[in-house]
Structure formats: C-alpha cells, structure tokens
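Report on the following structure.
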Amino acid sequence: NADDGEVLKIYHAGSLAAPMADLEEIFEAGHPGVNVQREASGSNAAIRKITELEKCAEILNSADYKLIPNMMYPDYADWYIIYASNEIVLAYTDESMYAEEITPENWYDILRRPDVSFFFSNPNDDPCGYRSPMVTQLAELYYGDDQIFDDLIEANTDITATEEDGTWMITVPPTNDLVPPKTDRLTIRSRSVEGLAFLDSGDVDYAFEYRSVAVQHGLNYVDLPEEIDLGSPDEAEGYARVKETLADGQILTAAPIMYGFTIPPCTENPELAQEFAALMLSEEGQEVFEDNGQPPIVPARTDRPDEVPDLLTPYLG
Amino acid sequence: MSRDWGLGFSLREINLDIREGEYFVLLGPTAAGKTLLLEMIAGFYAPDQGVIWIGGVEATRLPPEKREVGFVYQDYALFPHLTAGAHVAFGLRLRGRPDAREKADRLLEKLGVTYLAKRRIQTLSGGEQQRVAIARALATEPRVLLLDEPLSSLDLKTQEKTRGMLRRVQRDLGVTVVHVTHNQSEAMVLADRIGVIMDGELIQVGPPSEVFTRPLTRKAAEFLGVENILPGRIVSSREGIAVIDLDGTEVQVVTHLKDGPVEVFIRPEDIILSDNPISTSARNLLTSEVVEVNVEGALARVFLERGITALITRRSAEEMEIRPGRRLFATFKATAPHVIPRDGGDF
Amino acid sequence: MSRDWGLGFSLREINLDIREGEYFVLLGPTAAGKTLLLEMIAGFYAPDQGVIWIGGVEATRLPPEKREVGFVYQDYALFPHLTAGAHVAFGLRLRGRPDAREKADRLLEKLGVTYLAKRRIQTLSGGEQQRVAIARALATEPRVLLLDEPLSSLDLKTQEKTRGMLRRVQRDLGVTVVHVTHNQSEAMVLADRIGVIMDGELIQVGPPSEVFTRPLTRKAAEFLGVENILPGRIVSSREGIAVIDLDGTEVQVVTHLKDGPVEVFIRPEDIILSDNPISTSARNLLTSEVVEVNVEGALARVFLERGITALITRRSAEEMEIRPGRRLFATFKATAPHVIPRDGGDF
Amino acid sequence: MRPKGFYIWMGAAGSILLLFSFVTIFNMIFTQFLDPMGLLGAITDSSVLASIWLTIYASILATLIAVVSGTPLAYILARKEFPGKRLVESLVDLPLIVPHTVAGIALLMVFGSHGLIGQFSPVRFVDALPGIVVAMLFVSSPFFINSAREGFQSVDPRLEWVARTLGADPWTAFLRVSLPLASRHILVGAIMSWARGISEFGAVIVIAYYPMIAPTLIWDRFLTTGLKASAPISVLLILICMTIFVSLRILARGDQS
Amino acid sequence: MRPKGFYIWMGAAGSILLLFSFVTIFNMIFTQFLDPMGLLGAITDSSVLASIWLTIYASILATLIAVVSGTPLAYILARKEFPGKRLVESLVDLPLIVPHTVAGIALLMVFGSHGLIGQFSPVRFVDALPGIVVAMLFVSSPFFINSAREGFQSVDPRLEWVARTLGADPWTAFLRVSLPLASRHILVGAIMSWARGISEFGAVIVIAYYPMIAPTLIWDRFLTTGLKASAPISVLLILICMTIFVSLRILARGDQS
C-alpha cells in the first residue's frame, strides 16, 4: 500500500529494470512496510528528474557512472559507487533477416545488406546510444575493415568519425539535436529499451543492446568479441582509442561499461537508501546482477571514499 | 396512398386527384398530417403503399429534383447563408441558366420586392421572407406549387394582401397550387376546391361552398365552424323535404334522408335574428332568449338558448339592441341546414 | 419608461397605467415590442429610464421572483423535464406549501385538464400545453398575469373556447391580465381596455370601441383594419358637424375639427349597401360600382370604386345578388367616420 | 427519393476514418485474444487491477472537480457577455494545444514540492494521487467545459425567467431548471473528460510516476518485459473502459429521445 | 433583477478551474520572459523552427484527412438511422480512451514496416511524416467528427429538401446547402482537432521519433540539456500555436453573429 509505510524511490536506467525488480522483491521481503518504487527511464532522464525537475529519489542508478560526476556534481551528488558491468551485443529475433546466418564474424556484413534494418538509441540521450557507434568504430579496428563505420553509421546518419594520431573521434553533429537517420535501414529512439518494441514488431532486424537486456527479454544475440563489446575492464586501453563528441560538446572516451549509483543528498530517507545500496553490493545482490547478465564488479569502487556512508564502505575495495 | 410514420401517426388511404391549374386548399386542424401529405407529394417521404402521379408521369419513385414541384414551408425554410436574390436564382443556376440573375430579378419585381435582392435573409420581415420563398419556388417554373400554411404567421392586414397576390400569381402562371391551411376563411377565399383532412384521413373533397355547407361528418362540421350541431329525428319525409323533430320543435329541411336519428348542422351566419316573426312558407321559426353577445370585430356572435349560435354584423346587433335576456325570433331557410345520419341513440 | 436594446430597437416613453383587476390587451403588429414590454413588466429586463409600479409597490429594481407576476409565453415555455402536474406545483413547492400537489390538481381541474397531471410535456397538444402554462402561472396567485399571444398558435375553434376560458378565469380570480396580441378581433372580444403599440411606441390607450372606431394615426388605423382611408378637406363646420369634400362628393361627419385637410376613416362594416337610396337626414349617400366581391367565411368583402370597401354578411351579398359591375348605393352615418387632420397637401 | 448512390459514396468516404480506428484498435485486441493466457495473467495480477482501478478512480476525481468548478464557468460563458470573455474562452481551450509533457513539466513547476503552489501546500502532489488528478484535470477540463456550455446554451433563458416569476431565486432557477435541462450535455461532457483523463500519459508521468496509473504501468511493463507483458494490460484496460464508456454514452443518449 | 450575488458565486466557483489553467500555463511563460535570451536562442535555432513548423504542418495534414473523411461520416451520423449506429458512434469516440502510448504501439502494429497495413504500403510510416500524421489523426479524429456532426444536426433537413425541389441532386444539396451551413461547426471541429494534434506526444514518439515534432524535440532537449534548453521551445510553441488558435477561434466565432 503506497500511502502508509516508508517509500524508497529508485530512479534507474532502463537496462537495470530486471535486476532492480528482483532486488525490490528481496528488499521488501526483508523490510516489511517499506515500499520500493522504481522509475525506469534513460539514465539522463533519471538524472534530469533530480537536477531539473527538483524531484528526488533515494537511489539514482545510472548505466554509466560518469554521468553522475558530469551531471550531478556538486549540488545533487557527492560520490558514486561503481558496482556492475555489462556489454554491448547485437540482439535479434528468430524472425530477423538472416537470423540463421549471423555470427560474431559476419554481423557487420549482414548489417550492411540493404534489406536489413537495425537500431540503436540516441547517443545524446542514452549511454547505450553513444556506445553503439563506439562499438562500430572499434569493430573497424578489430576486423581490419575500414568501411564498417562508414557503411553502418555514416551512411545512415550525420555522425562522422575521423582519425588523428591513432585515436578516432566520432562526432555527433552539434547543430541538430538529433541524428536523424538518413535511410530507412536505421531506427533511432530515445532509449535503448525502446528498440525492443521494434524487434517485436519486426520493424528492425537487429538492435544494439546491453547483453543484460537481451538476456532478460529472451532475445537471441550476437556475442561480440571482448575487444569491441565495451564489457571487459581488461580491454580498457584498447577501447580508449575511440572518443566521441556529443551534440552538447561533451567528449567521451570509450571505456568499459560500468554501472554506478549514488544516494542524492536530497533524499528524505538516507538510512533506508543505504540499506538498499548495501543489498545491491552484498553477495545476494551480486548474484542478482550475475543472473541478469550484468556481472558485478567486486569489490565495488568509489571516487570519494570519504564521502561514502559508513554502511557501504565494507563493500568497497 | 398511405404511409405509417411509426410513433402513432400515419396517413391512411389518401385518394386525391388534384386538377391541373387548380387552386386546391388542404384544410385540417393541427397535427392532421397536412404537412406530411405535402412532403409526400414533393417526394421527401415515400408512401408505404400507393402511387403518386404528377402531370401524367408516375412520380412515386422519382426523387424530389425530378418532380417539378415548388415547396414553400410555413416558416419559409430559407437558406440562412444566401441573399434574397441568390435564393431566387438558386434553382435557375442549377439548371445552368446564364440569365439566372436577370430572371430572378424579374420575379422579385413581379412580387414587388426588387429592393430585397441584395439583402441577407436574416434582416427580412416575415412578409418579405414569404415573398422570397414564393419567388424561389416559382423561379424554376414548377408544375405544382406546394404551400404549407403560407399565411399563418402574418398579421391580418398582410394576410389579406398576400391572398390576392397568391391568386394573381397562380392565374398568371397557370401553375397548380396545393395550399395547406388550418384557417377556414383562408380556404374559403382562395380555393377552387377544398380537401378536408383530419387525423391522417382525407374526409371530404369539394368546392368551398359545398364543403362548408355540407360537411360529411360531425367532427368535420365542428372543425369547419358549424357551431349549431343539433341532434334530431326525422318525423316524416316527402319530396326531398323532411320534417325533423329538434328537441320538441319541428322544422322543415331539404334532405335526401328518409328517417332515423340525424344530426342537423346549421352555420351560425345562416340564422337570421328578428324582433318579429318573419312569415315565409320556406322558413323555419324558433323563438329563443339571448344568453350572451360577443362582439368580434365587424361581427357579433349571439348565443341563444338550446345551444344555438347566430352570427350577425355588429351593426345589426347594435341597431336591434340585442343583449342578454331579450327574446328573439331565429329564422333559417329549409335549405340552410345540412343533415347527416346520427349513430347511436338520442342524447 | 424606456429602454434601448441596441441593434436598432428600443421601447420609447411607454407611459401606461393598468388598473387593478382589468383585462388589458396590448395590440400591435409583429416586432412592435410587445413581448419586450411584457418582459420588462415581469422584470427580465430593466428599463434604462423610468419606473414600474405593481400594486402600489415600486418594482423597478425588484427581481422577477418578488414581483408577483405570472408569465405565459406565446410558445408556453414549459419545462421539458417536468410533468404537467409538476409544472403547476412548481411555484407552490418553492413557497414550501405542503398542499402543493393538491392545489395543483385543483387548478388543473378548474381548467378541465385533470387527466394531464402525470403526462410529460412533450406529449401534449398545443391547446393542452397552453392550459398547463396558464395553470402554472396562476398557481402562485400572482397580482398580474402576463399573456404573450396565448392564442395565436391555436386553431380557430380552440381559440374561441380559450377566449371564454381566459375571461372566466380572470373574473373568478380577480387577477389583472395583460394580454399581448396582434389580432384585432381577439383584442375586441377580450379587452376591458386596449393599448396599441407600434414600433416601440404606445400610440393609443382606450376601450375597444374607441380604439377601433377612433384610431389616432393613419398607421394605427391601417393596422386596426380601417380599410377606407379617404383624404378629404373640411368645407364648412357647424355645431360639431363638418361638411367634408371627399374627392368631389360632400359628406357630413361628426367631428370637432374645424378646417384643413383631413383623413376620413370608415370601417368597412359601417358601410351599408343597398339597391335603392335610403333617405335619412343623418346619412351620407354615395353611388358606386362593384369592382370585386370576396367571400370570406360568413362575410363578404365588397370592393367598390374610389377605393371604398364594405363588409357585409355572405347571406346579404347572396340575397342582394351583388356581383362586379352592379351599381349600388353606399350609405354611412355621420357618426361612423373618424376624422384626423392630415399633414401635407392633397394627394 | 432514396438517394442510394449519394449515401453509398458518403459512407465510403466516411468509412476510411472509421476503418482506421477500427483496424488499429481491434488488431490489438484480436491479437491478444490469440493469447488468452496472457490476458488471464493480467486479470489475475493484482497490481494490474490496482492500476486500472486507480486510473478510473483518478479520472473520476478529476472529472468531479471539472464538474463542480466547470459547470458554473460553463453557465456564465453560456449566459453572460462580459469584457474579456474571448480571453476566458481561449484560456479554457488552451490546455488543448499544450504538449502533454510540457503540461506535465508546467504542472510540476506549480505543484512540485518547490513549486509556486506546491511549496505551501500541505497536500503532496508529486508521486501522489493529487498529482495524477491535477494532470488529468488539466488535459480534460476543456472537454467538460465546452460540452456543458453547449448544454446551457441550448436551454432557453426564458425558462429560467418563467421560473423566476414563479418565485425561484437565481439559484433555485439554476438548480431546478437549467441544470436538469443541461444534464445530458453535462453528462456527455463528464464522460468525455473522464475518457480523456484515462488516456493521459505524458503529463501524468512527469508529475506522478507513482502510484502507477495503467498507462504508466503499461509503459513500464513494455520497457522492462516487452510487448508480451504490456499488451494484455492495454487490452484489459481498453475493454474495461470501453464497456464503461459505451454504457455511459448509451445512457446519455437514451435521455435524448 | 440583477442577481449580482448569484453571478459572483458562480464566477468564484468557475474561476477555480480557470485560475488553475492560467497559473499553470502562465507561470511557465512568465518565468521564460525573465530569460529573454533563451527565447531568442530558440527563435533563431533553425531546428526548433523546423520542428514547430513540422508539428503545425503534420497536424494540419491530419486535420485535412479528418475533414475529408470525417465530414461525410459526420453527415451520415447526423442524418441517418441505421442498425449498428450506436456501435459506429462508439467507435468514433473510442480513440479518446486509448492511452497514448498504447495508441502508438497499436499504430506501430498496423503501420509498422511489418504491420498489418505497413507491410503492403509503398509509403513508409515509421519515422516519417505519414507516421506522425496517423498518430495525430488517431487521437484527434473524435473531436472533428463530433463537432461536424453537431453542425449537420443543426441544419434543418428541410433546407436540403427544399433545395432538392429546386433541382439539386443530393450532392448539390449537400455542397450548396448543408456544408456551408455547417461550416462554422466544421471549422471549430477542425481547429480543435488541429490543437489536439499539436499537443500529442505519447503516440507520436512510438511510431515516429523522427522527424522530430516540437513536443518530441522539447522532451529530447530536456533530456540532453535540461529545462534551460527545453523551456524556451515550449514557450515558443505555445505562443505561436496560441496565436493561431485564438485567431482561428475568433474567426470561427465571428461567423456566428
């Protein structure tokens, strides 16, 4: 019952919907009378709710931990904790064109075919969105085919990539807020999860998604090589060869996907927030993330150990 | 021809033959079905049974636009978005007549309302609107002009003027007119023939004098203003003249009826009042006391005992000094009453 | 009292004193402002200037619910959501009368429509609706009953019945009635006094006979059915009797006017037609040829040369065998015409 | 007499739009009927039923507010001429053109916990029933007011005047005459406003994601679990509301004849 | 005579709702006027202008379709009784209760490239103007049809009949009499439907995120840059549309008198 008892509100990235739902169940079982309310949205939207709309949540959970310092410091957050990873895959269904042919070796050739359509989310709105061109650029390097980015991204959008001294800069045009697809082969939506609807309806054949999402929704997916899937901390150096400028001028460096959360200072219920955060970091929490295709990062890491609530410090490395 | 509208109203077995070029008046009380009958003639409703012929053509299934009829509704049903001139030109333009405008102007002139041509309908008085509606209907030279109570919303003076206008227009153009009204004197003045319609049934058709003096049923008689409806019984009958016992008084009346209970209709204006008995063989004489006198414009209505009403001029009433309580002689000719058989026993 | 409605219509300087318990008829053509005047009396509009008194109380600023008036609109303005009985009980219930229902039933009975009490308004005929509207207005025992053309949508027979009913109700309850109409004979029959209103101005107030025989302006005369409006000039005048030159013929007329151009009004029913000259000193005699005869119900309208119209009974017309072309004598009394000064020159 | 051809062509032109709505809605419903288990799952899911009930209930509350405050407003607009009337009328209609998310943000600026009114309000709007209600009220009030105004316009003011002569003060005349006579229009307006509230999504999620109304729940399920989870809820919501809606409209129309 | 008290109380009750709309909308507009540079930035941003123009234009297209197909439908509903009429009327109103995102998904199922119709259509709906138009059409058609129907109902059928006796076939009678006489209602209906199209967000973003209509752009700017970027666009959109809307309504009302 929403009206009585305490409310624990979590704003989280859409890709965290499944593990958060599991954690909600566990937490509510252990805390009778507490009502966990989750609001899934793009990571940006989740943060904007706090910074622009002056709403507040007990926990903010972003698909890219960097958004927390970039967008929330110093007024709306003081620290973040990195606790889980993920990787980019190419999700598809049995009805997708050439579904039976696709492999980690030929996926870019299949995406090149004129009768194949694919999806990624808006780089300006959603971390999965800006990661998709990065993956494509990395694929160019990994497969040694310098036309992959040109054929998949440049041919379909106004996003460009240039090389300079061994680093590649992807540029999302600043004039246009959007990266309106120039062809019918590409669909872009605000959030990566919206691509699922298009896979369902058959409007797109392939979508760049988090592996966790593909797993949770029971989709087929092409498991991309570690070197390009932004999933492996070991490959951080390789990833860092690619950078991306967003429409608002922010420059991001390709890096392993790491989920981060914070407890915003505006929270009305810091104790409860900390207990939930502890659950996320506990072994029980780690299992949940593992099961949902988002391998936990153990031990969790933070940028400001001094600021982190005491309850959480035991979980930090 | 008949049609059921559901909801409790139907037109039943209307059998009507209107002659070309005649001025036919359809007379009936409110809700008799007059408007619906006109609308069926115009083709807005189809009869459930029966056929309609217009000018030698079977029109039962013809759409209204092929029937060559003109319709003037009681409230004129003018187009709120058009000027008077455009109304009249409406039908002509549809026929592709290049001279629509001029012809319309000529018609308006004929009806004496040239000055209205450019005016919007909303700014016209009732009488002006009516002329525009008539001009609109006439413009396409219909065979039949259907008029639905065209006079009832006009004041008396305008009514009188318009009656003359309608008659003139009909004669000049030779159009057949079917004119609906619930007003007897209107019917009387205008009609070549009258059809009496009541409760969806056509009761009687005939020339005005016949319809008014010889109504076929008691209800029609009441509606037609026969105020004296006296129950009686034929005592004897010889050579078309019957002696009728009216509640004790015997009167002589011309009728083909031979015996039995009857109803005697006498129009109030057929009763002559006098101070002294007028002795003529052909006349019936009753004495009676005045109950009430009502002056109505030029006329005075004198209510006598036995429920007899007489209608005389106000002047006569004043000259004879008729007032309640006076005893008078009421005289009527043997030809004045109309007699119909009465159902049921005495009352 | 006056008020401007904008849009070109205003009531101007209405000065009217209606007596308690009288039956006052407000007579005027369409769009004269009759309804608006009634509505001002009821308090739906406030006068721009002037005051309204009702029964010794200044009512100018009183809201309608405090004025003790009853209003019956031409179309009755019944409440579509209530039964007839609820209409009559409406005002009584508002006054918290526990016997509302019974009193309503008694009133309906008085008007002879007890059987309607439970009926919804939509199912009533025009005549029945009217009775309900009157009963509703009477239920609260108003001082003044305002009737806006209560008869005009009824057929002649029902009209006559209703006139009697209205008069009876007014006498029995002693209520003051203001009755609006554009129908002269209605005014004639019902009124204690008549007020003639035209174009927002109250032209004349007086008893019916005076108003009808002595209209104060030409326009009023025309509206009141004075068909003979003859221009003339007073030749001489002695002891209240003037000799007037009517286009060549001299006639003697009772008038207080002494000289100058005049207009002579003669009502058509005041003209007597005869085959032979009737010689009485008090009478004026004209010879004229019949132009046209129109039979209208019980009456015949005879159009003579010189624009003179006479109204006689149909029976007389038939007996005298009047038809176009016949030469007749037209006689009228010296007291019959009404004379008013004429502006401008001869015509 | 029977212009068959005419009505056939008119019908043909008209049925384009009709077919468009029909195909769109019933494609979804029929598809769902192929998966009756999904529907069954939705019917037995208490949070689904709670959210549908909440949607219906919140929209009823919004409609009630619209009726209580909008009826007098509609009456004045129908009866009175006053300077600035055009402005007031425009203001009534204005919510029509405000994009829904903009409306949500605008409402948050006013009713949010730091908003113009929200900061003084003892009632909490954000993520609470009152927030849902104000969002629904904002988008649906024009429908109610316009319909009620037409209702009052169709009541002859002379009926009120006559009631006045019978002793009714303005209130009584309003309550006993105008209101019952405009009741059908008021009812239709209320139904429309209720339906409009049900369907609102954009404005509601900004101010009150929680408690979840059905459109939010459907969206949330769609994002987290996909169409399979969200479609049955959509169909259930539409079936329930359609039943209520059609019955109410038949009721409202029934009055007419 | 002048029931002051009555109207004051009615006005007071009515102004609650009025004030609610007023405060919500004008709070946003006034706040923006404190930052005129932001507004100036929006006015000079070509993609903002393009999206506002696209919104207006797409909604005009949707309204045009509603007018072309909805006018005959409204005419039939106003004039004819036929079995299943209640059903058709309900179908007309049904889009009112469908939550907007559900409508978007339902439209995608029909007009998507693998949808019921979309798979055969040579025209692409997803992420294209036609998709925006069908989404707007879906949500706004009830407003047009209901208004046009009322218009035709207010035209006395006897006027058409009289036109028929003058030689007009049913088409001509419709075009020359009924249509001009219902034109004010049709115009008002078109304006309402246009306004409703402008404000749609939930249904449009599902089927056509691109090209961005203003509500989408506003939402997108809000997500990427925040209120500072999105608010001026909202205000600009509302000001432009309000100007058009109010002028059109005044035009439509002007006809009346």
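We just call them A, B, C, D and E in the order they show up, numbering each chain from 1.
Keep in mind that, in the parts below, a residue touches a chain if its C-beta (ideal position, glycine included) is under 8 Å from a C-beta of that chain, and two chains touch if they have at least 3 such contacts.
The shown structure was predicted, so the numbers you read here are calculated from the model rather than taken from an experiment.
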Contact distance in steps, from chain A to chain E
1
By number of C-beta contact pairs, the top two chains
D-E
Relative to chain B, largest Cα-centroid distance belongs to chain A
Per the C-alpha means, the centres of chain B and chain C lie apart by a whole-Å value of 24
Using mean C-alpha positions as chain centres, tell me how far chain C is from chain D in Å, no decimals.
55
Centroid spacing, where centroids are CA-atom means, of chain D and chain E in whole angstrom:
15
Per-residue overlap in chain D, given as positions that touch at least 2 other chains:
3, 105, 169-170, 222, 227
Quick check on chain A: which residues sit in contact with 2+ other chains?
53, 194, 197, 201
Residue numbers of chain B (touch at least two other chains)
43, 63-64
Taking the complex as given, what residues does chain C use to touch chain D?
39, 42-44, 63-65, 67, 69-71, 73, 77, 79-81, 90-91, 94-95, 136-137, 139-140, 142
Which residues of chain A touch chain D in the complex?
2, 9, 14, 17-18, 21, 37, 39-40, 53-55, 191, 193-194, 196-197, 200-201, 216-217
Using the touch rule from the top, collect the residues of chain A that touch chain E in their complex.
42, 44-45, 48, 51-53, 117, 122, 124-125, 175-178, 180-181, 184, 187-190, 194, 197-198, 201-203, 246-248
Which bits of chain C are touching chain B when the two form their complex?
29-31, 125-126, 154-157, 182-185, 188-189, 208, 212, 222-223, 225, 267-270, 272, 294-299, 311-315
Chain A partner contacts - residues on chain E that touch it in the complex:
46-47, 105, 108-109, 112-115, 124, 126-127, 205-206, 209-212, 217, 219-227
